[in-house]
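Next up, some structures in structure tokens.
Next come two complexes, and both contain chain A; in the first it sits with chain B, in the second with chain C.
What follows is the complex of A and B.
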């Protein structure tokens, strides 16, 4: 082992005399070799794939590569033709229409075009380029101590030239100039911070949105709701009957109004929490539609098992027991909306929700 | 007297003609019409073990059918859900055991003894021409999509239950399902969604059924769950194979 000289070291010693690159007799390959040598790379092995040019084997490889390039070109042309002339407009039904193949055809042709180029180039480099084995010198450890000392001195010199240490006034003035600039950059973030007020604690059912009067319930299209319009064992999504009640302005207000069967309604009445007592109107019960986990619409109503499901994370709420969570990640019951029927026979909310709807937030418990 | 005997003979002849011999000595319920009688015969043979005598229900086996109406009966029987193969989370759609005619008899019988919702006769479900598909789409998204998914592919519910794919459902079946709220589906009676609105809704579902899957293979139209799973499995497997191939090459 000890007799073996590392290739790089040995080479340096052997070729102590550098190649005269300007000598007209030097071949091009020698120049290439010299260029590599100067970068610390040595050619260990170099031979052409096909030492004898024009063999049958070589011609076969050339044909294969050409095939892929031509295939790629044809597919690309096909892509252009399909892009322009293939019927693409939507047709109803369309079991046997050409248009439904528009996207797959484009995809397949583009795939073949790009794949053909790629496979061609790969085959070229693997099957035609010469076999070569190179070795590069390895540099290890930190930089040369001389280099480090020189660089360090240069940096300190640049700092010293500015004379900040000697001129404290300049330092303070610069600080005064730069610090507010940094603060100014933070201003756009400040614009995102604002006090939500009681927005998180109120919904569109709060009388304050209706001139202090209780808010009626309405459908998405704005029609008011009479209790007899909901089937037994049925459910309906309701909104506050105020301007913009079914819009994103009151996105916290969608409520699920459920018409329970008599025995289920009785059970719900008996189970009601203190704050939910009297919130039902006869067999109608209303819960916030917004899941207390992360705010998805928990509106999958199972009318026999009396469960409400949230489709996002499979939370389940027990309708006849204050909509307490019985499965899944939600930890709090869905808030119940106290409802009643006014003298004109329309359903209305006797007050806003008793607790904040939707997912938890920092100040939730503080109110 | 002769007329009385003639009338007796006519009644006897009719009865013998329509009633199978083995039931001949059973007392007949004169309040039931002929169709209802036939329904009762089928009921007493195939349904009674779970739904009990006179459809009163059997504890832990089958619910009472009093008040469910013919819509529920015909829906359950014509879609093959009833009779159930076994007690499980949910009755599954399968080839029906009875002909539509027999289902109609059964429906007539249950309707006669308990009443309940029926499909109104003046709703034209065979020809949905003129129904407002766009309005049906709005109604579908408000009322149905939370369980049946936006493209009617259905979705999961709790404890093994699920909202079925609506593609195999016929117009009448959809109407009956809305009317009766089969299994855990909420009821959408005619007071909640008018027959015209139901017709629009059915037209929308039919439109989706007849349309092609935009964008290729829809993976059952279940939405992000199956699509996510598919891209995860196919994508991750493809990437794993690619890394193995690259590692094997170098």
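What follows is the complex of A and C.
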């Protein structure tokens, strides 16, 4: 093999063509080498993997590869059989049912089928294809200066032909025509825009959802709540007693109702912000469950320390002090729902939350 | 009438002739067939991403046949008994059906999810490899930019896909995304309302996400991946420096048959790994989470790993809310929006920043070993440390629980770590790079340690070194330090014969002597195979 780096395209033409490609007597390998030479590829090293065909080693490699292909075929057949005949219908709690193994069996068989082909091809490539090392010229970087000049001139000429530069009025008129058209094309997306209105400031406890009357508290199953039903130190999640009050239609409404122990209730009463004064009913206190950080339910209540933990980013709120955040990324207290008991003995919200519940937003204080 | 005989052997040549008559293929085809590709294991990382993406397209299409992107409420009556009779969205119901009532649905669901995780993991590692080796330098900045976009598109596609089943974890993720969207100054509530078609959760986000997930984002990904791989083809792959390798050539093997067969085999292997994982390891068992309800969340609910760094930094960022003139800039705006903006912009700008600092405007086709550019390796280590701390903090409640550490201590540890560890990582990486360079230079000057200890006449012990080239009279070799891999072990020099193959008896004659152009013949030529002589 010549070790000389083949010349670039320009020089090639000057060289005498060393090989008559159309000569019927040239061998195929000579043609291949000629092709490589013309494409700027030089062979640094090339040798068949098995110079002497039919050695034991070669046969062994061929057997190995065949084994993997056959294995693959068998696994694929197995996959088809298992897919069709393996019992697949799910049975709950079926500890020793066959169907439990449906997915693992499919996965293992498919894995073996694909892997067998993969290993077979890779072994073929690594163990049977000739060992080769070739060197190709890159020809990267900028184009030939002549080409650049010609193309540059052509581009500028085209620009000139349109005359945009010479006719400023056309330029301005086109801009005026195209810019609004671009904007017009964006308009249909406007269908997505919805005015938030006061939606972020109201929850299902707003009387407007109850024909102007105060809204009672209910459990998830729709039953109303009497104060004595909640044991001291206990807590339940409550919802507005309106149609769909416990559904995602009112995802902003879930509220945590806690029956504080006497001293804690006293502490909470004393700590209450101006806004929260009178919101407790006896020892019952209700806070929005929607975390003021980014809106997960703050739902882990620790009775001993009177803390409420939000499991999403671990904000902690101090229940006996207006549910102010004492640790974590939340900045604002959980809003308190003002509650009382009506003449029938059921808990109800005397009004909606007094501030927007949940995550903060730009115009939050504009109510 | 005489039937013309069909010569089967002549068919391919005839077909090729017919095609060339019409499309003039001979020359362009040959250029593709014989294009030379350099080889290195680290060049396979991008391929893993590419192959998992193909698996994602295949499995995703299957899922789309059965998935119903609707938020209409229904009563579940499927095979999974514990949830029967429960109200849920059709999206969740159809995802459950895919897991229990569609034959083979579960394994395809799990393949889709594992492929997504592998895709993102491969992108991150591939990005690291292009960064630390300087593959992003001129003329490959465009591919770096596309790569960063691919990461974020993959991130969005993954997050949206995770939302589609509408289970409890999806809903929690959406709620958090909504909360972050609301934090944008001025337009936050409007953005959130546009996203959910009203107040969270509304009933339009799943159908909207569906069209993004199966059409818009995959289309964009496919187009960008096409350009990305196309550019690698046109600009030709970078190569590691080594004997005969220059900025102006590529040394490797031909596209056909070598490169393509290796790629094809490797694709099948990646596919196989995904299938095995999907069959054997459960992922995202949505039936255990139940439908989304605004008032329930379980502790330890985690997003997929590539979203955890965002979750982590949101956990760590202190409660700094700005309130002025009756307006609020929520604390989460800083990590959630500004932070993610920086995570996008800084990597996008990196190649240009580096160019400014190094004033290196040259064209580069040879890669750099990380140790040869300590400052860049340091910056990379810094970014990696930041990413890892954020990601770990995204699971700090689980870590706290498993190792019995207080949660608050974990949070503070993360906050302090985020400020302290990255600079330390920079300094340490810088030192390590210099140390590695130093050692390379030592070996170039004195040779490889042979492990042979000799005792000289005065009773002193010393180790024999095998010089890498003919030493001068002081026993020193003057090999230039040029960024090549320096062999550090004797078997790298071919001094130890390879082990024989065969189970009961050798199946081949012991190899003669490894010849000069063996795989690791990176340094020197004839000299290195000489008998070990005493060196210093």
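The rule is short, and it goes like this: the second predicted complex is superposed on the first by the 317 of 367 C-alpha atoms of A that agree within 3 Å, B and C clash if a C-alpha of one lies under 4 Å from a C-alpha of the other, contacts with A are read in each partner's own complex, and residues count from 1 in each chain.
Please note the rule applied: contacts are C-beta pairs under 8 Å (C-beta built on N, C-alpha and C of every residue); 3 or more make two chains touch, one makes a residue touch a chain.
This one's a predicted model, so the numbers in the text were calculated from it and none came from an experiment.
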TODO: Examine A:311 and indicate which partner it touches, taking first as chain B and second as chain C; both and neither are also allowed.
DONE: both
TODO: Report for A:277: first if it touches chain B alone, second if chain C alone, otherwise both or neither.
DONE: neither
Task: chain B versus chain C as contact partner of A:299, first or second or both or neither - done: both
Open item on the list: With both complexes overlaid on chain A, does A:327 touch chain B (first), chain C (second), both or neither?
Closed with: both
Task: Touching partner for A:230 - first (chain B), second (chain C), both, neither - done: first
Open item on the list: Contact-wise, after the overlay, does A:148 reach chain B, chain C, both or neither (first, second, both, neither)?
Closed with: neither
- [ ] Decide which partner touches more residues of chain A, taking chain B and chain C as the two options.
- [x] C
Open item on the list: Going by the contact rule set out at the top, does A:97 touch chain B (first), chain C (second), both, or neither?
Closed with: first
Open item on the list: Once chain A of both complexes is superposed, is A:208 in touch with chain B (first), chain C (second), both, or neither?
Closed with: neither
TODO: Could you tell me if A:167 is touching chain B, chain C, both of them or neither one (first, second, both, neither)?
DONE: neither
Open item on the list: Quick check on my understanding: which residues of chain A belong to both its chain B contact set and its chain C contact set?
Closed with: 90, 92-93, 103-104, 220, 237, 297, 299-300, 311, 314, 327
Task: chain A to chain B touching residues, read off their complex - done: 90-95, 97, 100, 103-104, 220, 228-237, 297, 299-305, 307, 309, 311, 314, 316, 327
Open item on the list: Which residues of chain A touch chain C once you look at their complex with the stated criterion?
Closed with: 5, 35-36, 39, 41, 44-45, 55-57, 60, 83, 88-90, 92-93, 102-108, 110-115, 117-122, 124-126, 129, 132-138, 140-141, 192-196, 199-200, 220, 237, 239, 247-248, 251-254, 289-290, 293-297, 299-300, 311-314, 325, 327-332, 358-366
Task: Residues of chain C that touch chain A when the two form their complex - done: 30-31, 34-36, 73, 79-82, 87, 100-101, 103-104, 106-107, 110, 139, 172, 175-176, 178-180, 182-190, 192-194, 197-201, 235-236, 244, 247-254, 257-258, 261-262, 264-269, 271-273, 275-280, 292-301, 311, 314-321, 323, 326-332, 336, 363, 365, 396-397, 407-408, 411, 501, 507-508, 517
Task: Footprint of chain A on chain B - complex, ascending - done: 142-143, 146-147, 155-159, 161, 163, 181, 183-189, 191-192, 207, 210-212, 214-216
